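A, B, C and D are the chain letters, set down in written order, and residue numbers restart from 1 in every chain.
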Amino acid sequence: MSSASSLEVEDLRTEFVLRDRVLRVVDDVSFTVEPGQALAIVGESGSGKSVAMRSVMRLLPKTGRVAGGQARLGGTDLLGLSERQMRKVRGRDIGMVFQNAMEALNPTLTLERQLTEHLLWHGICDRAEAKRRAVETLGDVGIPEPEKRIRTYPFQLSGGMRQRAMIAMAMVTQPSVLIADEPTTAVDVTVQRQLLDLLARLKARGTGVIMITHDLGVARYFCDDAIVMYAGRVVEHSPIRPLLAHPAHPYTSGLFSSTLEVGARQRALRPIPGSPPDLAHRPPGCAFHPRCDRAEERCGQEDQPLLPWSGNGSDLVPGTVAETGRPTDERTDDRADERTGRREVACWKAVQHG
Amino acid sequence: MSFMTYLSKRVVRMVLSLTAVSMITFTLLQLAPGNFADIQRISAGASQFGGAGTEDMVHAFASRYGEEIPAWRQYLIFMKGAVTWDFGPSYKYPAQDVQDIIAQGFPISATIAIIAVLLSLVIAIPVGVYAAVRQNSAADHGTMFLITLGTALPNYLTGVILVLVFTLTLGVLPSSGWDGPQHMVMPVLALVLGPTAVLARYVRSSMLETLREEYVVAALAKGGPRSTVITRHALRNSMIPIVTVLGPLLASLMTGTVFVEALFRIPGLGLYFAQAAASRDMPLLMGTALFFALILMTMNLIVDLVYGYLDPRIRAAGGVSRWRRSQKSPQRQPA
Amino acid sequence: MADVTVRPDGAGSGPGTDTEPVDGRLIGVDHVDKVFSTRAGDVHAVRDVSLSVRRGETLGLVGESGSGKSTMARLMMGLMAPTDGTVTFDGVDLSTVRHGDMRRLRAQMQMVFQNPYGSLLPHYSVSANVAEPLRLHKRGDKRSRRQRAIELLTMVGVNPRFADHYPRQFSGGQQQRVAIARALALEPKLLMCDEPTSSLDVSIQAQVLALLDELRAGLGLTLVFISHNLAVVERFADRVAVMCLGQVVEIAPTEILFDSPRHPYTQQLLAAVLPVSKDPLPAPATPWQPEAGDLPLREVAPGHYVRDCTT
Amino acid sequence: MATITEEPAAATGVEADKARSHWARAWARFRANKLAFASLIFCALLIVTALAAPWIAPYHFSETDPDARLAPLLTDGHLLGTDLLGRDIFSRLIYGLRTALFVAFGAELASLVVAILIGLSAGYIGGRVDQGLMGITDVMYAFPSYLFAIVLVTVMGRSLWAVMLAIGISSWVTQARLVRAQVLTVKEREYVEAARSMGASGMTISIRYILPNAIGPLLVTTSFAIPAAIGAEAGLALLGLGVQPPTPSWGSMISEGTSYILAAPHLLFLPATLFALTLLAFTWVGDGIRDAFDTSGEDR
């Protein structure tokens, strides 16, 4: 069914229509996820990262609407599809993993029902084959005795196992793109590692993964590229390792210096003052300028577009990316090299310094 | 705890409650001014202009119904029979045993009740789901407006309006009695409005809550057709709380809505109960009260069992109350 | 446990107890067990835990969910009674304190919770929330309490302009500041922080940590800091106790614990951490299956205790 | 230090610039609901009318006018006509309103007090107290409520107080269960543990912290119980178990009206319409209160 195809999102704009005004929640977000690659969408709560993904899936709440842009999956613009056509994409071509399996799995249906129903909806196979695949996938994600466990209800599994079952539910149709919305935030560190390694195997098979996260460690361990979102906009877009080695945007570097790291006791903890704006009160100009220690008058007046940035990007050597567990397939490696040079940042001051 | 232990505990609690109900009813009856004989005398006196022999009549009544012996013994005698489902003859209808009156009246009340509840379910579920899916639309507001009318109007008022329209104006339906399906139409219609409104409200709010759950989004994200997701994922889970409302509702309708039975002069159980209370007919009152309580508690038990069937979490815990309690302790227990 | 109960200070010296000078410890936990009776059977949430919190230090308590660290917090706060063993606060055995005295004692130990919104009274304004402990302990009059609340709010960085707003109107970070202000209102000796930053965004988490750091230095507080986040504990604690399945498996001064962990569970936890800047990225971990045993804690180096394990 | 006292408003972490309590917010939502607000005004008018009945009603409810029996609408001196005994319908409607509201409010107030006492102690104290109190409510619950009312009125006689007690007793059970459930939910909230850790006593916790946060849903059910109680009063009267005549009750007026439906239809229509309107208005107020307290659509 779904052969490997890339997801290209371009100038995505999403709005929430409230009673008295329209809120721009996602503003001109662009990115590409290629087969076998993982993109991290990094941002704090309210940055619009989840809404952006729900826009691509076209599963916005009633008040939300996509106001512009494209989301091409293997050449088809998902935003232009009819609801009927879109339904065929969901679950079959794009799978989704949620933060909390306890909430995302229906408590009153068995795993079998929940793992096979979309195979049947999409007409991928018949019931018997669907069950066989479901059992196989449950085994793949490391659930012991899958033939037996498939008859259980979600609440009968431990937290880690539930999360695995949910990943299995998204994987069973072998989608070309997987959207994972903070899949490891609610689990313990040891389980987190196991889940990430599980997802890495999926990536190795050619699935493109979008990982929404606020954890820079997770992004670095698992992802190839990252976009950093703040107040609905992308403030930085870069391969992950140079991004963390040399954050360009003041917000990215603020996030970095707010993040504590084991074994880095000496690094100063420099919190960003203030809190992220809620979108109803988005500051003019660069939304980050009220919290930015480098802000000048100009920052509060004009929008900051994404600009190419090359500062300090040169010290990245090809091959370091291979450590993240991506397959050493020649073609993808070439692209990775190509991408190491391409970084974008939405800050004129950073561009000047870089 | 096995299912059987659970069930037997419930039965023990039911027996205790029934005993309490019988005691309360009996005490109230003892506190009431006048006994059956007095009431008979008053009504007899009223009709026979104080005819002779009433004193004798009272005395005869008193010895016949044991009203001369102490109250606690009367109670014990009654309860002794009640245990074997023998409530003895009614005072007012001495030719009939109370259990026979129940056996006659209950099917009538139950028929009306079951038809009314089924009908209201058939109407309420689609209406509630529709209103929830279209939340805040004009259709939702309109439906809920009509629903409010239904909740606000008591069934006897609806009954009066129905009589006005169908009997007095159109003349198509008989206004009283119990003899064939044409007698059922108006009582059922009068009864159906309230439960429909209540159920539709519950379905709507329960459905709204379920639709906000993440597993509904997750099902849509798997490519589920909206209608399938709504019926298979959302509706099933929304129906679970509805069951808790349904039990008491059915029970209270089955035990006869006195007002409607009085209005349409239907010989249902509710009517007998009201008469028994008015005439201090001890065995009939005690019998019907116990029977009502029994029905209500059985319904609650059935609800709990069905609830468990619908929700595997409860099935696994072994009963609703245990599940609810277990929700409080181990899950919230600090780790 | 007879040797423990006869001593008023509660300092035991049996195996597994770290022997602190009695006057140096603010909290002493000696051979404490906590069993919850649930319908599914007994849950042994805490088993045979002994540790102490010295005056002025910050003790970190790490562990994964279900390790019993939050139960430990409640035991140390006297919010629940241990099934076995003793907990002492400032030399007083909490199990001997009567109800009314316990409430007075509470003024000296205050707690900051994981979910700031949940722990604030929703129907009180933030200044009323901060003033509430003063009111409960009958300190000052209404005006002076409000005055004090505003001082405290200013101290934790909440603009007093918003003193009459309700908790719901604040962001999570601001709510946590209010909760900290409330905890400090009675000038407690001990501040128990149960995952105080886990529900906050990264940038806000850093702010709250910086605030706590400043406050403990300025006010000379003793802290117990509970977290599942190893990096936070490393940065914040002077000593760290690692909990697993209700037991303490390792206690050591922070640097020693992080530089040379001895217990396999501690090693596994540290190996699972995903670094943000350090290289190399860790290899996929080989999990060690923890099991609760009766093996004792052993002192392997001064102040470094490790529980024996079979593997 | 990360002090933010002098920061731009957008980054202070405060959502609105005006302090607003739950109650203020609920009231604002209620005000915005036009139907509910209009109903509230109507209900307020009804209450004022009932209180001022002796001054508003042109006649006493039992005053008969032998010259004008069954007078139609707009009769001179009897705006809404008279009944079989020549009593002024307008006056009887107003006194009927007084009966209805007096019984309904009295019953619900009493049942609320009982429900709060029982529900709060059962929920907060728990254990045996809870089991005992809930055992009692279980028994009461097993008693079909209106049947209990019938027995009670029969037994106590048809005084206003008896009717009130009968209705109140059948409604406290549900309320008490609700209070208990609410208390159990609120008790699990972190702020209750926080309060304990601050050294608050059980009394303070249950009355100052738990009760105010459990009262919203209680207010909602009470507001729905009022029209139900008005309905129950009329229902009992319809069965001949309401307040003793000649004290007017809408139920008995409706009952009389049905007998003369063809001769004098206004005898039925007037009380029935007023009755239905009153029930609707109170129900809509209840709806409004429920929506005002319903924050499920918001993130918190």
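The definition used in the following text is that contacts are C-beta pairs under 8 Å (C-beta built on N, C-alpha and C of every residue); 3 or more make two chains touch, one makes a residue touch a chain.
Bear in mind the structure is a predicted one, so any value in this text is a computation, not a measurement.
> What chains touch chain B and also chain C?
Joint contacts, listed by label: A, D.
> Centre of all protein Cα atoms: which chain's centre is nearest to it?
It is chain D that sits nearest the middle.
> Using Cα averages as centroids, what's the distance between chain A and chain C in whole Å?
Chain centroid spacing, chain A to chain C, equals 34 Å.
> Averaging only over C-alpha atoms, locate the centres of chain C and chain D and give their separation in whole Å.
Computed from C-alpha means, the inter-chain centre distance equals 48 Å.
> Quick one: chain A and chain B, Cα centre-to-centre, how many Å?
Between these chains, centre-to-centre, one finds 54 Å.
> Nearest whole angstrom, what separates the Cα centre of chain B from the Cα centre of chain D?
Averaging C-alpha atoms per chain gives centres 22 Å apart.
> Can you pull out the residues of chain D that are in contact with at least two other chains?
2, 4, 7, 12-13, 15
> Two or more other chains in contact with one residue: find those residues in chain A.
As it turns out, chain A has residues touching two or more other chains at 271, 273, 275.
> If a residue has to touch 2 or more other chains to count, which residues of chain B qualify?
Within chain B, no residue contacts more than one other chain.
> What residues of chain C sit close enough to touch chain A in their complex?
64-65, 171, 173-174, 201-207, 209-210, 228-232, 234-235, 255, 258, 268-270, 272-278, 280-282, 284-285, 287
> Residue numbers of chain C touching chain D in their complex, please.
77, 79, 102-107, 109-111, 113-115, 117-123, 125, 132-133, 136-137, 154, 157, 159-160, 162, 164-166, 168-171, 173-174, 179, 182, 186, 192, 207, 210-211, 214
> What part of chain A is in contact with chain B in the complex they form?
57, 59, 62, 87-92, 95-96, 98, 100, 103-109, 117-118, 121-122, 153, 155-156, 166, 169
> Considering the complex alone, what residue numbers of chain B touch chain D?
Going by the criterion above, the answer is residues 13, 16-18, 20-21, 24-25, 28-29, 31-33, 148-149, 151-154, 156-157, 160-161, 163-164, 168, 208-209, 212, 251-252, 255, 258-259, 262-263, 270, 273-274, 277-278, 285, 289, 292-293, 296-297, 328, 332.
> Show me the residue ranges of chain B that touch chain A in the complex, using the header's touch definition.
Spelled out, the residues of chain B in touch with chain A are 135, 213-215, 217-225, 228, 232-233, 236-237, 240, 310-313, 316.
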